[in-house]
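Just passing along the structure, written as structure tokens.
Lettered A, B, C and D in written order, each chain numbered from 1.
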């Protein structure tokens, strides 16, 4: 029995969790890069300098230059902004739509609406996601906004299913029954008792989905369907690097590392959070 | 030579001492009862003998099984010892068997890994053992899977695999706690018989004094990782030298003082009339809609003002479903339920929220009954939602304060989180939450079943006192007959969705009319009866 | 159990119908006319119109949908707009690459993931566990197309052990064909193996904490025996789900990898067909993939039943 | 983490693959594998516009009455000679005899009549129907002679007949040519593994000079990295239009390869929407043109391969006029022109189809335009979308396209053409050109046309697409230039 507030003990546990700390540092690094890029980059990432092209890393150009002589480091900084923004908004959309759907389905378990939501979910899972994303961008045209939509759509069922599953088990818990005995409506119970208790789960899944969305954005951009030039994007940088890989491998390596490190950071953070939120594991600590 | 001899055993887990100064001996053909409340270290003692202590454990002292010092055995030798020299039975039969392997396979496995027996021979032994524990081959062929079996039957399978090689020592860790009373009686009988016939030593671990009282030759009473008292059963019970033994004994047999008597005649607080509750069964055939399962079958009864009514029955009899119906958590298929004369819920008609304030509930699980994210203040005031004009400010404080002090907590507890309380305290908070809007009826659904005896006695006292002071009625649902007997005025016995017998609690228990009630009462282990019986 | 399976089948076929409708409508709103794409920029408008009629693009929407579905039911996928051959032929050729590639990748992923997951779970928190977990974290984080590029750089361009891509065809001999699929399969398998190893580990850890594992130990089974005899099969159930999902994912998700290695597989067929507005091919490939997912889901259900006897009798 | 199980497993797998990879020894080489970027959607050159169709079948599988030579000259093919009437309206073709289609049927004048009538019929799906527009009738004189009557004189009729879209097909097999091409050429189709390759085998019944190769495989590798690796590994003998000029440097330094630089018919232009504000203003168009540094684009997008052009005409054509100075890179002038036109904060849409000249060139142009204060809104589009959105709906300000048809300056006379020029004076020049038969007069008119579109700053003329090929140094006879979209394999052979 501790007298400290749960928040402080959580913080202490979090800082003692190596995976979480590494994950936090790595993700924070790229979020910081993205934020700094708004006010400062070493070079203008859109400024061409054909004479300077394909330079390997130097003291001036830390990550070298690309086939147009643009500074790779600056591009990666701005690319971080694009990747993170697209992924964040896409996951946000998925959560904002998916979680209420899942909560609703759980509250009205077995109803027609539940059935429709769940079948719709099955359908969305059965669809080859990348193909559909490609089709969506074929319909609306490529661009960051449409990449968000394409990725966001596939996050909806993920969160709907997660929220429904977690909520269903909570609905059988005694404290929810007690709230029902207290005459609270299902909507109110969902908001007051269910949502706060699945929030941890949603945060953990959100982190994982966030990293998946960064990978998805990179894949879409790689096939030319992400953010459009001149805005740099990690996936498109890789696509540009592809034909030059034997001539200028650094063009492929640095954006690749950026993706890997960001995704790794987010995943480690997600795993760490899962451990930290799990009371079983916390007690054991 | 004793089959088990423990001396000066000490166990640390991650540096915390969980057991110390343990000395026990057990002779062949004897039953040693190890009794204690949760956390007393009784299971850890069993695991020390099995050498299956959790990771990070360190032990010292001497543990000898049939003369062999376990400290001298390496892991492969220990593997040979487990199952061959020592068998073990666990508390939870539902999960103690591997769901994906047949029962024959699992019993035969004990034989096959210890002897060079062929598959066929092993299965023959498995068959014999299953017959031995009462699972005849006509109904229980070897290729059945555990999920086809009831809890009691599964526990028999577990016993069969524990005794397959006729070990010298059998350890049973709360073997009947998860079972219904009638099943419990059968399993205990089986264990007793096996011990006598096979000349094994049985170490029976339980929290229930009544169980060991009728069974054990010797008793060891544990508290806080220590044996506080040990000796022959009758001696212990008659002398009760140690204060803890006395406390445990009195808590187990505790009957709270009941002052007032109910006043029948007025409008009953609760009137249940012809209530029917059906469940849809899963379809087995795509085109045939299955007949619904009738969980509650035309049940009628009443509860008067200040009356405590018990509802007893074994698992699956429909008592929990009835409770949910009374609380209007589920709709009815027939009949109606009146609260203070008003229709609270009826077939096809949902609950009437404004009436809900008249009825509150306390659930079994003290850990799952509260939203872990809220403070006690918010938890106990949740029912105010039902009141049109909930109290505010100082009045609210006063009500919270009163509810908390009423259940024996202090007003400062209102600002704590639920995880800061023990199980017994939580159950007090649950009662405070039920009390705060001053209902006429509280449904107590197995409200003391998860508590240790001493805590249970306190909560029963609290409930009895509240009922007297506040003119409360209880519907007390429990599988534990002794608890119901202790606190209720009247009792309902439920079986297969029907009330088979009802009447004054004492008369029903003393003179049960229905055969089922008779069986139930007979199966319930009774401390007094066990001690009154002549020594065997 | 049969009733359960029948019900699953019914709901899955409903999904299929819904999927066919969705995909048909999406393809209708995709801008771009297959006929004008085929005729190029200097084409005569009259010739384009003639082609539209010939391709049946002038018919009203419901007629075309029903025609397509009716054809599907008879196994007739129609004629590709651009290739002018039956779509079923095209798909059959492509499946002969995508399916082996998928199975190859799945086999690699399983072969890597199972031992790794089991090792990590049975030696929890050991150095081996930490290494496996670290490696899988990395494996999940690496974009497979990037990994594919690196594989090409190292093994095809620098070391020249493998060709950079392409597929010689199964006629070229089994080993040649398998060799051509090796780098793509590795690229596909890496993230999948990482995921699978993690699932295997956590599922096994859950199982190891089950009561029946303690029962097994109490019977005298050693740690390893208990793991092999009692834990693995139980732990396999969630792993099966993931393998099922991965199969579907790999079958469709090879698009990018097929592009990197210019393998003429299903994904690339679909991708090309989208860019060429060969609507009929896109539709058919997508519906086939959805169908594959549904069949695999169903097979996973059956596999569940095989792995878990509890499901054979009842299931709600 | 020194050696994880995954890494260990991967390594052992790789070793396994290595052990499996045994390459068979080859005897004297009689076959060639040619890399191509795009796979033809079908193999009927008379029924689709895709360049890849001609790149496989032209001269190899199908032949026309006339054909292009390596230098772009018009040579006799199935017609061994011809006579043109004085009024230029009647062409009499004398056909080669003993010619057989791959299915064994004989080729004669009826096939010619069938092919030409089919191409110009109402229900024809020939992508280049305009080539046949002037034909009034086709008459069979005798099995070896065919007479074509035109409705008006057409100086380029023989040129038109050399196109891949004008090849001669047989009535028996014409409908099946998409999947099973039956022509008169020296090679016939043996196998088509869709998505991977087309294999052609020598046709023993060929009427003309026997070819030197037994077998030709066209392998479709769209990915430049893969193409590079395939060349390096020797999986491919030649890649006549190598998709990634950036890799040519590495081939040049390797004695195993020969890099073949030629010119193509592709005028790469920054097309502008001449009828849509603000680009309907010539001053703004001129400002755009002066903002562009062609050399930077050639260096940045094409790695130095390409010839700057100042008008829509191929530099290797004798009638070409170098007008690049008129639209020289001059950002200051560009800014001045914009100021003069009174515009600021100009944002133009720039739609880029998939080829790298467009995608990369587009990024460079966007950067260059930004220097003079013009912002661009880049959208990468697929070809199908480009056709719909840009070409048909004219919903664009700027786009980059390479016009690869030979001698296609005539498109500037089409008012409804996507860049919407169609100036009356220009149309008059074109009309005169159609009538003129005197070479000197024709040259004069062609130069006038080139100047006219340069003066009107219709489009930004960027560069002539180089044909950058790479081949095994021992493989000879590959066309360096591409007067039409073709990979003529008839003269290709291995040097000992």
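Heads up, the rule we're going with is that a contact is a pair of C-beta atoms (placed from the backbone, for glycine too) under 8 Å apart; a residue touches a chain by one contact, two chains touch by 3 or more.
In this text the structure is predicted, and so the values were computed from the model without any measurement.
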Neighbouring chains common to chain A and chain C, by label: B, D
Best-connected chain pair, where connection means C-beta pairs in contact: C-D
Averaged-CA centre spacing for the pair chain B and chain A, given as whole angstrom: 46
Chain B and chain D, separation of their C-alpha mean positions in angstrom: 85
Chain C-chain D separation of Cα centroids, rounded to whole Å: 37
Junction residues of chain D - those touching two or more other chains: 223, 225, 228, 354, 382, 385
Residues of chain C engaged with two or more neighbouring chains: 31-32, 149, 152, 157, 259-260, 274
Chain A residues counted as touching two or more neighbouring chains: 138, 242, 245-246
Interchain contacts, given as pairs of chains that touch: A-B, A-C, A-D, B-C, C-D
Residue ranges of chain A touching chain D (in the complex, touch as defined): 46-48, 50, 53, 67-69, 138, 141-143, 224, 228-230, 242-247
Residue ranges of chain A in contact with chain B within the complex: 1-2, 6, 173-175, 177-184, 192-193, 196-197
Chain D residues within the chain A interface of the complex: 223-225, 228, 243-244, 246-247, 249-250, 296, 299-300, 354, 356, 359-360, 362-364, 366-368, 370, 378-382, 385
Chain B to chain A touching residues, read off their complex: 327, 329, 351, 353, 356-357, 359-361, 363-365, 368-373, 382-383, 385-386, 417, 419-420, 430, 433
Interfacial residue positions of chain A with respect to chain C in the complex: 119, 122-123, 125-132, 134-136, 138-139, 211, 215, 218-219, 222-223, 238, 241-242, 245-246, 249, 252, 256, 259-261, 263-264, 267-268, 271
